[in-house]
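Read through the structures below before going on.
In the two complexes that follow, chain A is the common piece, with chain B as its partner first and chain C second.
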Partner chain A sequence: TFYIEPLKINKLGVRASDTFVLTPTPQPKDDFQEELVIRPLHSGDIYASFQFRTLWETDFMRENKVSHYRLFPKSLGQVISKFSVRELHISFTQGYWRTMQWGQPFLPSPPGAELWVWFQDSVTDVDAAWKELTNVLSGIFCASLNFIDSTNTVQPSASFKPLGIVNETDHRFLRYATLPREIVCTENLTPWKKLLPCGSKAGLAVLLKSEKLFHSSFFSQTVHIRPVCQDRECKTTSWELRQTLNVVFDLHTSGQGKREWSLFKMFSRTLTEACPLASSSKIYIDVTDNPQEEYFELSPATPLLSQAVVLGDRRTFSVYDLTQQVTFGTVRSLNLLIRWKSTEGECSMLRPLLHAERYVAGYGLQTGEIHTVMYNNHPFRSFPVLLLDSVPWYLRLYIHTLTVTSKGKDNTPSYIHYQPSKDRMRPHLLEMLVQLPPHSVTEVTVQFERALLKWTEYTPDPNHGFYVGSSVISALVPSSVAMDTNITQEQPLFSSFFPCKEESSYFVRVYTEPLLVNLPTPDFSMPYNVICLTCTVVAVGYGSLYNLLTRSFQIEEPNPRLAKKIANFIRRIRGVPLLS
Partner chain B sequence: MGLLSDPNRRRALISLLTRLNAPICGMPVDWLVKTMQARGLEVFTQRFSRTLPFPDENNERYIVEGTNVYGILRAPRAPRTEALVLSAPCSPGDDNNQAVGLLLGLAHYFRNQVFWAKDIIFLVNEHDLIGMQAWLEGYHHTNTTGMDWSPLQGRGGSIQAALSLELSSDVVTSLDIVLEGLNGQLPNLDLANLFYAFCQKIGVLCTIQGRIQRNDWDSVSGYSHAVQTMMLMVMKQASGRSWGDHGLFLRYHIEAATIKGINSFRQYKTDATTVGRLLEGMYRKLNNLLERLHQSYFFYLMPSLSHFVSIGYYMPAFGLLAVILLLRALDLWVQLATPPSRNEDGVADIEQSSTGVLSVLTPLVISHLTGAALYMLPVRFQEMAVEHFQVSETEAVVLTAIAVYTGGLALPHNTHRLISGEGTEQGWRVLKLVAVLYLAVLLGCTALINFSLGFILALTLVPVASFVTPHVPKLLSAVVLVILSPAFTLLFSVFIFQELQEMPVSFQDGWMLYLSVISQGILDHYLYGSLVYPLIALMVYPCWLLFWNILFWK
Partner chain C sequence: MGYFLSYYTYISFGCWVQNMLAAIIMLIFICFCVHFQNTAGQFFSSGHTNNWAVLVCTSRFWFNYRHVANTLSVYRSVKRLGIPDSHIVLMLADDMACNHRNPKPATVFSHRNMELNVYGDDVEVDYRGYEVTVENFLRVLTGRLPPSTPRSKRLLSDDRSNILIYLTGHGGNGFLKFQDSEEISNVELADAFEQMWQKRRYNELLFIIDTCQGASMYERFYSPNIMALASSQVGEDSLSHQPDLAIGVHLMDRYTFYLLEFLEDIHPASKSNMNDLFKVCPKSQCVSTPGHRTDLFLRDPGSVLITDFFGSVRKVEITMEAIHLTDPILQLEDGPMSEEVQEKTYSYVDQLPVSEIIHQKPKQKDWHPPDGFILGLWTLILLVFFKTYGIKHLKHIF
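Let's turn to the complex of A and B:
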C-alpha cells in the first residue's frame, strides 16, 4: 500500500497535464534494460562488457522536487536536482586498455578515476557546486573523489561535448578532472551495484562477483547520466542512467592457458533468470570472426543472430534473450561455453586505426620532456584529432618548446587552446586540433621543468613519484561501413552510446597511459636525524651544563620526619627518652 | 617458490637451453620474437647502428649494427606507470646463451602469475653495452652519444630497477654481483643487500669482485682479504667504466646490478633452476616496492657482501688529504701578504703585480691548451697518424695521446719564451697558490661524484702539490713529479689491479694492457659518455702541468 499510493499521485500530478492525453498508447514512464556483450579477443583473452540502462521520463529541475523513485536510484536523482547537473560521467578503472592487443573498447576510460560534469546554465557558482558535488559523489561511490580540487580540475573547450541533448555548449559549465592514482576495488563496486534496480540479486548482475572481477587484466566501471530524446522529433526528453562494467580476463592467468571460456569460468556463477524489472535482458556474443563456427563453438547454440555497426565495423552477434524461458533450457540455468577448436593463440599485434602512447623523455631531476605519440594506421585517409593534456602545476611546461611533427615535418595544429598553470591553484590545460596524415606517426613534445615543492606538499611516499593524468584524444575516425545515424531505432546498448551524426565516420576516444614523474625529493629521514641529534645535544650537553651553572648548592639541615615527630611526642608524654 | 617445480616447465626450460646451446650465427631475432610472443609477451624490436670513432681492438668491432629484442609482460590491472627490467646480453660468438634461455624460462613462468604490480621487460640486447645504450636512449628518447637507433614502440613507464644476467658457462658454481657503473655511480645498497639475502636463503655461493667472503675478520689474513676486495672496488670505481650492462641504467636513476655466473671448478654446482629461483625472489621483492629504492646508501665501498663502508667513514680520509692543500694555500697566502723587505717603493710593487698576473695567466692558458690538445688530437688526427706511421688506428690514437702528453712536459720552456723577463719569487708563489686551490676544488668535486677516482688522484697529486718549489733539487724532483703524474698513476693502477685480481702480468704484457686501457677509456667517453678521460685531459693533466711549471720556474 505504501508503494502504490504515491505512484497514483504522481500519475495524476504529471501525466494528466501534458502527454498522457496526447499519446494514445501510454508508454511506461521508466524503463530498464540490461545487456552483456562478450567478445573473444584476438590475443586469446576475453572481453565482457555489461550495460545497464535506466530511462526515466521526468524533470528533475522543476519546482516541486521529484520524491518518488522506482527504477532510477534515488541517491543519483537527488544529486541531479540538488546540483542542477545536466550531464554526469564517472568512470573508475583499474588497468590500462591495451589497444594494440584488444582493439577498441566499447566505452573507453582512463586508468584511475575520471569525472566530468556539465551543469545547467542556471547554476551561478559552478566551482562551488562542483566542489560540493565531488564530495557527495565521493561518499556515494566510496572513492577519493574528494581529492578533486582546483589543482586538478580543468574546463576543456572542445574535447568533452555534451553527449545528450545539446542546448548550449559554453564550457564555463563544464568541469573535468581525473585522479590517475585512484585504486579501484570492491568498495567501489558494491555501491555501484546498489544503484541497479535488481541490485546483484537477479539478472545479469548476479555475475558481478568481485573475487572474479578483480582477478582480471582490466576492470572498469562507469556511470553516465544524460538527458536523451525519446523519439525522433525530440518532443519528449527523458533522463538516461547508463551503468557499464567492462572486464577483460587473461588467457594465461584466469584461463590457465586454455582457450575455453564459460560464464562459470569467468564469473564463477551461471544465470538462472533475467532481472524481473528489466524490459529487455540479452547476452550478445561477438561471432563476426567465426561465421561458420570454424574457430570456436558456442554451447548452448542459439538461432538468434543480430548485426550492429560498432566502432566503424559491422559485427555479427549471437543473441541470448534471457526473458525467454527457453534460453535456460531444461536445467533452468545458462552457462554459456565458448570452446576453441585449436588451442593455438595468435600473438601478433593489432593495428588499430588510431592509437596513442605517451612517455617522459630525458634524465635527471631538473627538466624533462613529455612525448605524446599518435598513430594513424589508415592507409589513405587523414583525419583530425583533438588532443587534451592536463598537466599538474608542479611540472612547469615550457610551451614555447611545443612541437608537433608528422613524418619528419612540422605539423601546425589548426586550433590551440592553452591555459597556463598557476602554482598551487590550477593545472596546465593544453588542447589542440591536429590533422593526422594517412599512415603516419605524429609526435607532440613539450619540455617541462620539475618544481621544488614545499616540504608539506609531498605525499607520504614521495619517492614513488607524482602522477600526470592520461591525455585524451578524441577523434572522428573514417568508418569502413556506413554508420547508423538513426538514434531512435532499436539498437543494442553497447553500440548506441556516442551519438553518431554522419555515416562516414565514428567517434573514438583514446586515453594514453598516465605518467609517473619523479620530482626532486629531499631526504625526509634527515629532519628526523637532525631533531634526534639536537634533542640529545640539548638534553645531555646543554641541560647538564645549565643545571650545574644555575643550581645553588647548600647544605641541607637534617629535618626530622613526621613519624619521628609523632613518636617523640608520645615518648615525651610517657616520659621516655626521645629518639635522636 | 614454485618455479620449475613441475616437470613440464623443467622440460621446457631444458629444451630451450639445448636449443640455445646450438651454435648461432648472430642473434636469432626472429626466433626470439616468436618465442617471446608464444609466451604471451608484447614483443618489440629496436635496430641500432654505431660507427666507433676508431676500431675497438679488444672487442674487434668498428661499425656496429644490431637489434635489441624485448618483450613486455603487462602486469594485470596496472596502468603502465612502473616497470622492472631483466636483461641478458646476447652477441654473436658470445656464450651467454644460458642467460637468454633462463630469461625466456622466467618470462614463461612469470607470465602465468597473478601477483605482478609492475610491468616486467625482458630484454635481450645485442653487442652488450652498445645495444644497452641504444635501448636506454631509445626508451628515454635522449641522444647523448650520437648513436642511430629506431624509436621504441612499447614502453612500460618509469623503470624502477633492473638486473642484467650473464652466465658465461654451462656450469655455475657461484654468483657474482657487479655494482660499479658508469662514472663510478653505484646502485642503492639495498639492491646488493637483496641479492645477498636471497643467496643466503637459497644457499647459493655469492661473491663480490669474484672473491668469497671470509668470516675471520680478526685475523690479519682475513682483514687483508677484505681490504683487497675493497681496493678492487676502489680501482673499478675509479676507472669510471661500466663493469656490466647495468652500469648504463644508473644515469637514468634506475637501480641496477649485473649478476654473473662464475665457474670456479668447485665441487658444489648451482643449476639454472636455483638461479631462476633467486631471480624470481628478487623480482617479487622489487615488484612489491611502493617507492623507488632510496632508504639505503648510494655512496659506499664494500669489503665483503655483508659489510660496507659508508661515506661517513671514508670521506674523512679524503678530507684529511684535502686539508693539506688548504693549509699549504693558507701558508702561501700569508707569505704573499707579508710585504717583501727589499721592495720599499710602491712603483716597483705595481709593476711586479702586473707581471705577476701575466706570469700566472700564461702558464694557466698554455697548460689548458695542452690539455685541450690531449683531448682533441688523438681522435681527430688518427687518419693522419695512420698515413705517416705504420700503425693501426687504435695504436695511432693511443700513441698520439702519449705523444701529446709527453710533449706537454716541454711547457716550461714555452711559457718562459712568452713571459718577458725573469720569473720572480712572488710569481711562482702566486702561481702555486692558484694551482693548489685549483687542485683542491678539482679533487673535492671529483671525490663527491666518484670518491675512488678523487682519492687515488689525491694520493698522488697532493704530495706533488705540497712539496714543489723552484728551490728543490731539480732532477730528483722532476723524476718524482713524473712518477706521480696521472699517466703513471694509471700505469701503476693497471699493475696493482692485476695483482689484486691474482693475475700478475709481466712488464711487457702490462704495457700492452696499459695501452688498451687508454684506448678503452677514450672509447668509453665517446660511446657511453664516461667523464674520466675528459676530466684527466682537460683538468687534472693541466693542473699537474702547473706544478711542473713551478719546478722549472726561472
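Let's turn to the complex of A and C:
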C-alpha cells in the first residue's frame, strides 16, 4: 500500500515563473501592508498592536462572481458576496482594557466577542441573512457565534455609523450583537492567522505564538472589512480588510518585574524577514515620552523617525523598515530591545479625556440597579457622547427610574431611543445622547428586577452568573492637535482607522466592563431528592401497611434431620406413609 | 485417405503442440490473474476510501482537566497519522487551555512535568462550551443539522467512510453524563448508530469510550460493522493517571494515557492491527479491565489495521494512459463598465452627527385614537340609544 502525506498548501503566493495562458483581462490590483506598533505604557507594561491590511480593487456585488483570489482570503470574500455585506466588524477579546492605567487603545474592543454588520441596501430579509452569517462566521473562526440570535441582537438607531464609504445610512440594515461569555484561545487565533497572505510563516505574523499571547493582561484580535476610498479624490472604492491584534504584556507576569522588553521576551521569536507579498512592513516604537533617550534606550538604533497624530495627540515614532535588508544587520535577525535606564517609578499617570465604568448596585436576588459612570476629564470643553446599552431580557429594566445626573444636577439627554424587551425574544436597547459638562462625572442609573427563567433555560453552570454586555460610549473628543482629515495611503495604519471629518476632534469609542449578575437559581438536585424521598415514603409507609393488612401466618414444619430424611426416602420407595 | 491421415496426424500433432502451448500460456495467465487479484484484493480489502473522527469530551469544570487532555491527545494522534481538520469533529465541553486557573495558558499537558503539550499551535475546536450537548452530538452523528450549519461542524461521511468515535467523561451503568446537566443512554447511542447504518453513513465504525463502567455503553449496539473498546467493565471505575503538582489536577486517565503511548509508536505505514489495540492497558496498568466487542464486526480483528481508523491512508492507483482535458474556459471580458469614469464622489460618514441625531424623526408609534375620542364615542352611542328607545330607560342607569 502507498500513503500520501496530507497536502501542505504553500501560502506564499505564486512564483513569477508560473505562467497563466488564460485570462486576457488584467487582475484587479491588490496590496498588503503590515505593521507593528509598540508603545511602552506608564505602568511598566507594554502594548503591542499588529495591523495587517489588504486592499483590493474589486466589486463583490457584480453578477459574475469573483473567482480568482490572491491576497484577499477566499472564505471572507465568499461571505461578503453571498450575504451582501457592506461592512463587517468582528472582534474577540480576552481581558479588559484598563483605560486609567493604559490610556486609550488604537482600536477598542469589548471583552468576549462582538459582531456588527452593515448589509447592502439590496437585502430584503436582514434577519435571515444575519442568522446565516453568524453561523458561517462561527465555522470560520471556531467560535460559538451561533449563539447570536434575536435575544442578544439589537439594531442601534444612532451608534455604529458605517466606517466605510456609503451612499446613505439606513439603520434598518445594521445589526449589532455581543457575546460577553465567549472565550478566546488558540483555536480562534489559528484560523485568524490562516487568513493572512503569508500565514504565520513570514513577516510580522511569525511573532504570533499563542503561548505568549494568551499569557497577557489583554488580548484582542479583530477583523474589519469595509469599502474605502482609493485616493484623495475618492472616485473609486476598493475593499479593505484589516486584521488587528492588540496585546498588553504585564510587567510582572511576562516581564519578570524587570523593565526591559525585547521582541524575544514578548513573543519568544525574532524577525528574520518581511512578508514577501507585503508592499510595506514596518515596526513603530513610540518614543514621544523619551526625548533624547533620557528614560529608555532602543537597540538596534534606527535613524528613521516619523510623526503621526493619533488619538488627538502628536506622537513620535522610531521606525524600522523590514523591507530593507539593512534593518536585520549582519545577524540576519531583528530583536528589538527597549531597556530602561533607571528603575524608579514613572511620572504621573495620564488622565484620559473620556473614561467610563459600570457596576451593579443593590442586594438580594430580586432587584438591583445598574450604574454607568462617565468621566469627562477635559478642563474646559464639554462634548456629547452617545451611550448604547443593550441589556438582556431577564433583567427587567424600569425605565421610569432612569436618571442622568452630572455634578449632582439632572442632565436631560437630548436624544433618547428606548426599545423595550420582549421575554425570550428581544433585549432592551437604550441609546442616549448626553452632553458631558467639562471636568465632571455623569452617572446614569436604572433599576431592574431579575426574572426567574424556565428550568431548561439555565446553563449547565448557572451559579457562575449571567453576563450583561458592555455599554458602548461613542464620542467626538476635542483634540489638542489638529487632526488630518485626508485619509491617504501614506499614513500609518494605526492612525487611519476612524475617518476624520473635522480637525478639532477625533472619534473614540469606549467600552465599559461587562456585568455579571446572579439570577435566582433553583436547586437542580431537588428533583432527584424528591424522587428518592417519595419512593422511600411509598415503599416504607405503604408497603408496611399493605403487608400488615394482607399477610397471613402459617406454621411451617422445621427442616428434618438427615437420618429422618433418609428414613423418609426409604419409606417413599416402599410406599409407606412418611414420618412426621 | 493416407494423405488425409498424414495431414490429420500432422495437424493434430501441431494442434497438440499448439494446444499445449496455449494451455501453458493460459495457466500462467490465470496464475498471474489470481495473484494480481489477490494483491488487488488486499489493496481494497478494507473497503473504505476516507476517514472521519468524532472526538467528544463531555465534562465541564477545571477539575475535569483530564478529560480534555484525553480528547486532545487522541486528536493529536489522529492528526499526526493523517486525518485532516476538515474530517475531524472535535467537541470540548469546557476550555482548559485559556482557563483562568491554568498557570500556563494556551497549553494542555498530558504528561507530568509538562513534557507534552497536546493542545499545540494548530487546533480547531468545532463545538465548544455550551454547544456540547446530547442533542448536538446526536445531530452530528445522524447528520440532521440545521441548514445553516457550517461544513466544519458537520460529519459528511458516506458509505465508504471509516469513522472513529471517541467519548470521554463521567459515566455510569448505561449512561454518559454531558456537562453535569444531561445524560445520553446506551440505548440512544445504539439507535443513533442504527440510524447511521440505515442512511449508510459509515463503512466501519470504531467506538472507544473512556469512562467509568464504559463497557455498558456498547452492550446495546446492534448495527453491523461496529467494533467497540471500553476502558472498564460494568461495575468498575476507570482511574486517572497522575496529578501534576504545578497545575494541581490529574492530567490524564490511565486508559487513554497508555493508548497515547501505544499510538505514538504507530506511523502511517505501520502494520499493527486491532489485536494489539486490545492488549493496550492490561489490568496491571489500568487497575480496571478494558473490554472490547467485535461480534458485530464482519472482518477478523487481526486483519484490521490501526491506520484503518486512526489514520487517513489513501490508496493510490497509478495510471499510464493520457487524459484529455476540456477546452480552456475563457474569462469574460469586463467590458466598458470598468472604463467609464465615475462622476460620483464618495465620502465617509460623520461618525457622531449630533444635530442629525437630535432631529432624527421619531419612529412611528402605534396609532392611538385621540384622548377624548372614546369618551365622546360612548356618549354619542348612549344618546342615540336613549333617543330611539325613550328617556325612561335612563332610570336603569341612575
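Everything below uses one rule, namely that the second predicted complex is superposed on the first by the 497 of 580 C-alpha atoms of A that agree within 3 Å, B and C clash if a C-alpha of one lies under 4 Å from a C-alpha of the other, contacts with A are read in each partner's own complex, and residues count from 1 in each chain.
In the analysis below, a contact is a pair of C-beta atoms (placed from the backbone, for glycine too) under 8 Å apart; a residue touches a chain by one contact, two chains touch by 3 or more.
These numbers come from a predicted model, not from an experiment.
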{"item": "Touching partner for A:94 - first (chain B), second (chain C), both, neither", "value": "both"}
{"item": "Contacts of A:214 with chain B and chain C, given as first, second, both or neither", "value": "both"}
{"item": "First (chain B), second (chain C), both or neither touched by A:40", "value": "neither"}
{"item": "Touching partner for A:132 - first (chain B), second (chain C), both, neither", "value": "second"}
{"item": "Which superposed partner A:250 touches (first chain B, second chain C, both, neither)", "value": "first"}
{"item": "Touching partner for A:180 - first (chain B), second (chain C), both, neither", "value": "first"}
{"item": "Partner chain(s) touched by A:363 [first = chain B, second = chain C, both, neither]", "value": "first"}
{"item": "Dominant toucher of chain A (residue count), chain B or chain C", "value": "C"}
{"item": "Which of chain B and chain C A:147 touches, first, second, both or neither", "value": "second"}
{"item": "Which superposed partner A:233 touches (first chain B, second chain C, both, neither)", "value": "second"}
{"item": "Common interface positions of chain A, toward chain B and toward chain C", "value": "94, 214-215, 461"}
{"item": "Complex contacts: residues of chain C adjacent to chain A", "value": "43, 60-61, 82, 84, 95, 97-98, 104-107, 119-126, 128-131, 146, 148-153, 179-181, 268-269, 311-316, 328-334, 341-354, 357-358, 360, 363"}
{"item": "Contact set on chain A toward chain B in their complex", "value": "94-96, 98, 100-101, 111-112, 180, 214-219, 250-253, 257, 347-349, 357, 359-365, 369, 371, 461-465, 467, 513-518, 521, 525"}
{"item": "Of all residues in chain B, those that touch chain A in their complex", "value": "37-38, 40, 42, 74, 76-82, 111-114, 140-142, 154-155, 157-158, 251-253, 290-292, 294-295"}
{"item": "Residue ranges of chain A in contact with chain C within the complex", "value": "1-6, 21-25, 64, 94, 131-132, 135-136, 138-140, 142, 144, 146-147, 157-158, 161-166, 169, 181, 183-187, 190-191, 209-211, 213-215, 229, 233-237, 384, 386, 414-415, 417, 433, 459-461, 474-476, 487, 498-499, 501, 507, 524"}
